[in-house]
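Should a chain be cited, it is by its letter among A, B, C, D, E, F, G and H, assigned in written order, with residues numbered from 1 in that chain.
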Amino acid sequence: MIKTKFDYNKYLRQNTLPHIWCPGCGDGIILKSLIRAIDKLQIKKDDIVIASGIGCASRLPGYVDFNTIHTTHGRALTFAIGIKMFKPRLKVITISGDGDALAIGGNHFIHAARRNIDITLIVFNNYTYGMTGGQYSPTQPIGSYATTTPYGNIEPPFDVCDLAKAAGATWVARSTSYHALQLDKLIEAAITHQGFSVLDVITNCHISYGRRNKMKSPVEMITYQKEKGIPVRSAENLKPEELTGRFKTGLIYQKNDAPEFCAEYQKKLELLKTK
Amino acid sequence: MPEETIIITNYKACDSIEAEIKPKNKLNIKTVSGMGKKGKVTIDVIVNYCKGCEICVYFCPEKVLAMKKEIAEVIDISKCTKCNICEILCPDFAITVEE
Amino acid sequence: MANNIKLMQGNEAIAEGAVIAGCNFFAGYPITPSSEISEYLSVKLPKTGGVFLQMEDEIAALGAVLGASLGGAKAITATSGPGMSLKQEHIGYASMCEIPCVIVNVMRGGPSTGLPTLPSQSDVMQVKWGVHGDHAIIAITPSSVNESLYETVRAFNLSIKYRTPVIILTDEIIGHMREKVIIMEKDSIEILEIKLPSVPPEEYKPYNYLSGKVTPLAPMGEGYRYHVTGLIHGDTGFPSQKTEVIQNAQNWLIDKIYKNVADIEKFEEFQTGDAELLLVAYGSTSRSSRQAVMMARAAGIKAGLFRPITIWPFPEKQIKNLAKRAKIILVPEMNMGQIIFEVQRCACNSAVHGLNIVNGEPITPDQIYDKIKEITK
Amino acid sequence: MSGKTEIRFAGSGGQGLILAGIILADAAAIYDNKNAVQTQSYGPEARGGSSKSEVVISDAPIEYPKATKIDYMVVLTQESFSKYIFDLRDNGVVIADKELITDFSNAKGKLYMLDMVKSAREELGKLLGLNIIALGALVEISNVVSKETILKALLKRVPKGFEDYNKKALEIGFRLAKEVKNN
Amino acid sequence: MIKTKFDYNKYLRQNTLPHIWCPGCGDGIILKSLIRAIDKLQIKKDDIVIASGIGCASRLPGYVDFNTIHTTHGRALTFAIGIKMFKPRLKVITISGDGDALAIGGNHFIHAARRNIDITLIVFNNYTYGMTGGQYSPTQPIGSYATTTPYGNIEPPFDVCDLAKAAGATWVARSTSYHALQLDKLIEAAITHQGFSVLDVITNCHISYGRRNKMKSPVEMITYQKEKGIPVRSAENLKPEELTGRFKTGLIYQKNDAPEFCAEYQKKLELLKTK
Amino acid sequence: MANNIKLMQGNEAIAEGAVIAGCNFFAGYPITPSSEISEYLSVKLPKTGGVFLQMEDEIAALGAVLGASLGGAKAITATSGPGMSLKQEHIGYASMCEIPCVIVNVMRGGPSTGLPTLPSQSDVMQVKWGVHGDHAIIAITPSSVNESLYETVRAFNLSIKYRTPVIILTDEIIGHMREKVIIMEKDSIEILEIKLPSVPPEEYKPYNYLSGKVTPLAPMGEGYRYHVTGLIHGDTGFPSQKTEVIQNAQNWLIDKIYKNVADIEKFEEFQTGDAELLLVAYGSTSRSSRQAVMMARAAGIKAGLFRPITIWPFPEKQIKNLAKRAKIILVPEMNMGQIIFEVQRCACNSAVHGLNIVNGEPITPDQIYDKIKEITK
Amino acid sequence: MPEETIIITNYKACDSIEAEIKPKNKLNIKTVSGMGKKGKVTIDVIVNYCKGCEICVYFCPEKVLAMKKEIAEVIDISKCTKCNICEILCPDFAITVEE
Amino acid sequence: MSGKTEIRFAGSGGQGLILAGIILADAAAIYDNKNAVQTQSYGPEARGGSSKSEVVISDAPIEYPKATKIDYMVVLTQESFSKYIFDLRDNGVVIADKELITDFSNAKGKLYMLDMVKSAREELGKLLGLNIIALGALVEISNVVSKETILKALLKRVPKGFEDYNKKALEIGFRLAKEVKNN
């Protein structure tokens, strides 16, 4: 799988580098994957809007040369919906941490999914509130530690993909920062999908999560992703007990014939015109 | 936090709390070229981007890389298969692999 | 019977004003007594290709409005007390990132769920101070249905000109009453359009603190790629923690409004020329006050009414001026005393009285006149 | 009549009294080019609850928008009669439905009892239109706007196909009022 | 099925009657069912907390002689969680409209479900914002009308039960105001279940919903419920196309072995004591 | 070395103060620079059988706190700017329903995301006016770590006594600095306990507007069944739209605080006896101000410092008194001018100057002293 | 509601926007007793609770009830089977069925 | 020494400098019964970013809590050296690591170059403890608190089993400093 050198510079705001993330933070790996996917799709930079909330992951937009909006904590999708509905020709991608997307932002998550609006949401799922120093998040595994679960977490985590699907998302997948090449393809597919697409990317935060959970280094954390991730297909052949502690990767759900929200709205407008 | 205990991790966090546009730093690039297992290869490490996370070193299947003073360095280019894993997994745009 | 005269509800007039101003985006969440605005726009906007969205809550509604505004929309949302409280964070974001938008608050009785269907004027101070952090705001308090319409047009203009959220702070009485509106010819109404910046994209800086001029906000997707963040940011829009940048950014948010007060402010004076007793009133209470002034004049009391139309920035200068003659000032408000704080500050050598009736009913001319008699005795 | 007339329609939500007030205000403001303000009171939040619709009509500008001393009051429920009679002018006029209002313990002013519900049932076949009957009665009695004007204002707000029905209702109102006036 | 007269008075705050709801509003039917279920369970009135949000449905607590909290719009569950965690011995029941529970309150809905806390949520699902006069809600069917969808609704509705389940609720059921006796049993079971239980009750609002959607009267609306509701078991035997426009009633999902949040928290406390 | 002296962080001291006050319930949502409070309590509360909850957002956090408080908990939440904006609706609910709770706001730079890690004092007015509708609030601004601890205890007491939310309005500097705290014997600290009402359930009315006394809130689940609503309600707790009830309810919310100012207020004066130049400062800025007073005194300027500890209700009477002598007043604040509005109102015949530095750094004694020299020249 | 059209529904909404504790109204109860299909039966209609929604009338399988002046009324108790449907479905605590 | 001493530890997050500051302040405030205030600066939000930890120690009460004129500065990164040297007193003292700081272009005051990183690597086997070495060096050079006091304060905050390790680190600091002082 030899590749020629990929030129990220075209998409980077180079004078903002080096980025703010800690050494070895998986967010940088995902950022690169996102750039490669967008490059593959050859979308005009002017036509891309990236909106994010607040958190480490949400710092991403600052580094890329698109129309970028670093909104408030948990609300990226609301801005995204506004601009997408007003200018449906734009490709709108939303970047959120797990806390951003699913704790404070959980309501916008399920409603964007319900509407099946053509926006791609990438959840940078590091099981923690990275930016505020490692409080537990709604995806943090039971029994693990955080600054606010000194005696071990007792809150069950969301399965981001299950939730997205039940709420109405029509394209749902999972990957990790380790599976960066799989991620390229999934991001590409997510952006291409006509409807609300949710990509749950398990990413590594050794600073706020790992070092409280016996994974002090980025390497340990990425190794965890490598070992625990299991492709959807392979998972099918395993018994439930073989799956405990593991998570499925790859495309988890797709529905192509569901009406997309912007398109439906445009149809209404057309109808009114002819009236 | 209550009873403070000594927690000292060995990471080097990024100091630039300013995301404000920075003066265009000259990139300090260390280039190593040579013949790898699959032919000619050039590996660039941008020294002032590398944060020393060790990911490339650890995940390089051929042990081409090593840490030197917390910066990644090519130690044996002859084993490189140009698999690109180091580049793909580097979170910091700090290492690239070319023909 | 002229064709351009209509009987309209205050809320409808706001919605119609938005349409006339070129509004092409609404996102809201229903709440009494503001819902007619969204209902009206749900009928009108789609007809002209605009977007009408009902969001999952008020926070989302203002988020969507700001997103659309960044895309170049003329966007509006409408709400009432509890919804207004929820919107505070996003109002701050709009101020900080200088994103134009119009926010209507049809005041009902508070606090909390309060009195959903009854009027009050108890969110006046919230409009100025509800957001965490320092910023300046423009807020307008119309006192008739006709004014509701035209002040909405002005709100859009101001929001674009100063790149700031503008709040239409009306109350349940004005919002729900029906009276005449004179629909003017479109040509005779000043309407500010959203334009691309005059500089090419390479030279565009979305903020410009030191120039003293408001840089136009380039609609996204038109070639001007920039970054928007609620973190303190410099001219480029990127976050900064440099002390000078922070102070400049803070100053700018205040100065761009306060240094342009002359352009922003609007007020009406009624019989103030020789007034020794000054009434300061806004919104529906100003109507009763006006009638009370007439009653007082009839009884030989030299009363006058100062009515701020732009309530924020507060017309300090005018009050200070009028207070030179008027040694007694009465501030009737349907709240427990809010704007009276501002009046006291500006007119501290006059005796400033409040008439604060908060019982779900509008303050009547009689009540005000009685108070006038009491304080002039 | 002085320059200012205050009219109140009171009943329960859904009787269409708010609409009656709007049509009256419209007639006065737009077609008769007077000043007119219509207001109403709502139940909790905005769903159909009790309702009271007031119209102030005047030649001079109207400042305080609500009615304070009622000249004419149209009532369609017992509860609203008892509740709202208090601020009727001493020489004010009440137009009430004969069937719906039965307890006149605190009545004042001049009272017209009309068989509006009965006529609606008998002549229109249903209660839909009761508000318009009441409106017609009010106009006939008060003369606050002309019959032509109220008809114009009414027809503007009637959905297609319902013009005749509503016109008929209005005329029932005129007639019922005329009958009692002549009594 | 002859029954002796049931005495509601014991549970009613009689001097608040007649209640505020419109004639024929389904909310009153559900209120009665709730009272019967609680009576059946013989829970002490002092031990019951009923929390609601804002809306027509949310007016319910005012009429019943328990500990009652009429909170803010959408937030009933947050109050419920607070009091339940602090006094786990109390039975906490939350009443919400569809807007309250799933529009503005959607986030608290999914998080209460995720935590699997022993609270019962009854959603009074009338497809509309009743109290504010009939704007569309996130459960309103596509194509139907509301004051804010004058040209017909294009937003897909949530399936309340699917969403609850995916978010982590361990007891999920649906009924209607017509199926009042089934409802008695379901409410009883919901309260008895140890964990988060969600009961989606389709109820009739002719005022704000029906009269815009060709169901002017309560009778028409209740007839709709009677005709469209189909028991889960019967639904299994039907083809998908036979199910369009219909909804399943009865117990839809139940999981009994999942850890309950208050219990888990108490376990932690015990552990700490022994330490 | 005494065992009862500890080096503590301001945020830790607040958390420890809560524990000492008997706090048994925390619900929060993390935010810089307040998170240490929750982290500390996540360790401590479970040890004593208390509840620690991290909720899905700030709105939920305060909702849970209010729910628990209705159950009889001594409950607290902690947040910062953006979170504070989100909590406004529930603060209003707590005021309206008179539910005790303590809310900590560790002020950071605003508006919007602003400067998450840097200090400011820019939420002072929001604390008073951020809620829609009329209500009164108690807010406390500690200026040392030791004070942070004991004022937190007092906050709990006040919240129970007056059945009201009490806000601890600290700033990033006080919140994050470490200094000595003297841990007193528990017996010597006044701690108010939550009690059942003295009347039997049949006679219990949860509100009592006309008595002038705050009725205790019966913990739910103990036999007192009552109704709580954010709608305007009468003594029974049931909603009402009667004009007298509305006005009484409104008056009560204001009066129960303002008529007890003497009990609630707390302030410190430093060298004010003969002060001709008065500094009014609170929180971390008061520390620099104190030092500046010493510098000024050393230079022969008769300066003094008035430091409100209870910032709301604002100590009007004291300022009015001091302003009789002090014809020059300086109000240094890490914001664009907030408390200065209050000072101007109370001391309108003095020259009231602001020193408003908002650049992410604390205001230094030198900066204040320079300003003193400038205005006394 | 832009172009106002006449929407007049025939419902009688509850007027009591006051949920404030009401003065204890004397209940006005209309009681009808008699022999139904399954024995003795008494049906009470609380007249001042009944809001005239017609639900009981429509869903009574035996046509025992009818509307009179917008209030439910027993018209033929002899057909009553004591099935209780009317009571269960009445939203207003306005009708009860007893032995 | 005047009544007030200002000390700054500057480096990158994770080097444990905040903790070093806390231990120092603890020693001064609790064990030496002086007044001491410790403050720090954070990166964005609160995650591990740059870090600066300051301690002001004084006999008199401390009003303004931050350092303004640094007496002693311990630096462990080049960036922090260049960034924070500006407010060192003219006669202030800098304690820097020999390996980590190489560019002294804007140096001022008195500079001690210590082989802290090297010693940590060689004698402790890892960098864990570098902050304690630096703390030891500071105490040795400044005498702002006694060695016994700092040891007590250190041990209070060390997790069980790590006492010796940390004590050793502290002593390395003492030694390295003594060596350069004697130079």
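Basically, a residue touches a chain if its C-beta (ideal position, glycine included) is under 8 Å from a C-beta of that chain, and two chains touch if they have at least 3 such contacts.
The structure presented is a predicted model; accordingly, all values stated were derived computationally and were not measured.
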Checklist line | Chain whose Cα centroid lies at the greatest distance from that of chain B | finding: D
Notebook entry, point to check: Looking at C-alpha means, what's the farthest chain from chain G?
Noted result: H
Note to self: Based only on mean CA positions, could you tell me how far chain F sits from chain H in angstrom?
What the structure shows: 36
Check: Cα centroid separation between chain B and chain E, in whole Å?
Finding: 56
Checklist line | chain E and chain F: spacing of chain centres that average the CA atoms, whole Å | finding: 38
Margin query: For chain A versus chain D, what separation do you get between their C-alpha means, in angstrom?
Written below: 61
Check: Going by the touch rule set out above, which residues of chain H reach two or more other chains?
Finding: 14, 22, 43-49
Item checked: Overlap residues in chain C, where contacts from two or more other chains coincide -> 32, 35, 39, 43, 46, 56-57, 59, 82, 89, 93, 112-113, 116-117, 229-231, 238-239, 241
Next item on the list: Among the residues of chain G, pick out those that touch two or more other chains and give their numbers.
Entry: 1, 7, 9-14, 16-17, 19, 21
Check: Which positions of chain F touch chain A when the two form their complex?
Finding: 29-32, 35, 38-39, 42-43, 46, 52, 54, 56-58, 82, 112-113
Notebook entry, point to check: For chain H, which residues are in contact with chain F within the complex?
Noted result: 22, 25-26, 29-31, 33, 35-46, 62-66, 68
Next item on the list: Give every residue of chain G touching chain E within the complex, in rising order.
Entry: 1, 7, 9-14, 16-17, 19, 21-24, 38, 48-49, 51-55, 58-59, 82-84, 87-93, 96-99
Checklist line | In the complex, chain A residues that touch chain B | finding: 1-6, 8, 12-29, 31-32, 59, 62, 147, 177-178, 180-181, 206-207, 211, 216-219, 222
Notebook entry, point to check: Taking the complex as given, what residues does chain C use to touch chain F?
Noted result: 59, 81-82, 84-86, 88-89, 92-93, 95-97, 109-116, 118, 120, 122-123, 125-126, 128-135, 229-232, 241, 243-244, 246-247, 250-251, 253-254, 335-336, 338, 341, 344-345, 348-349, 357-361
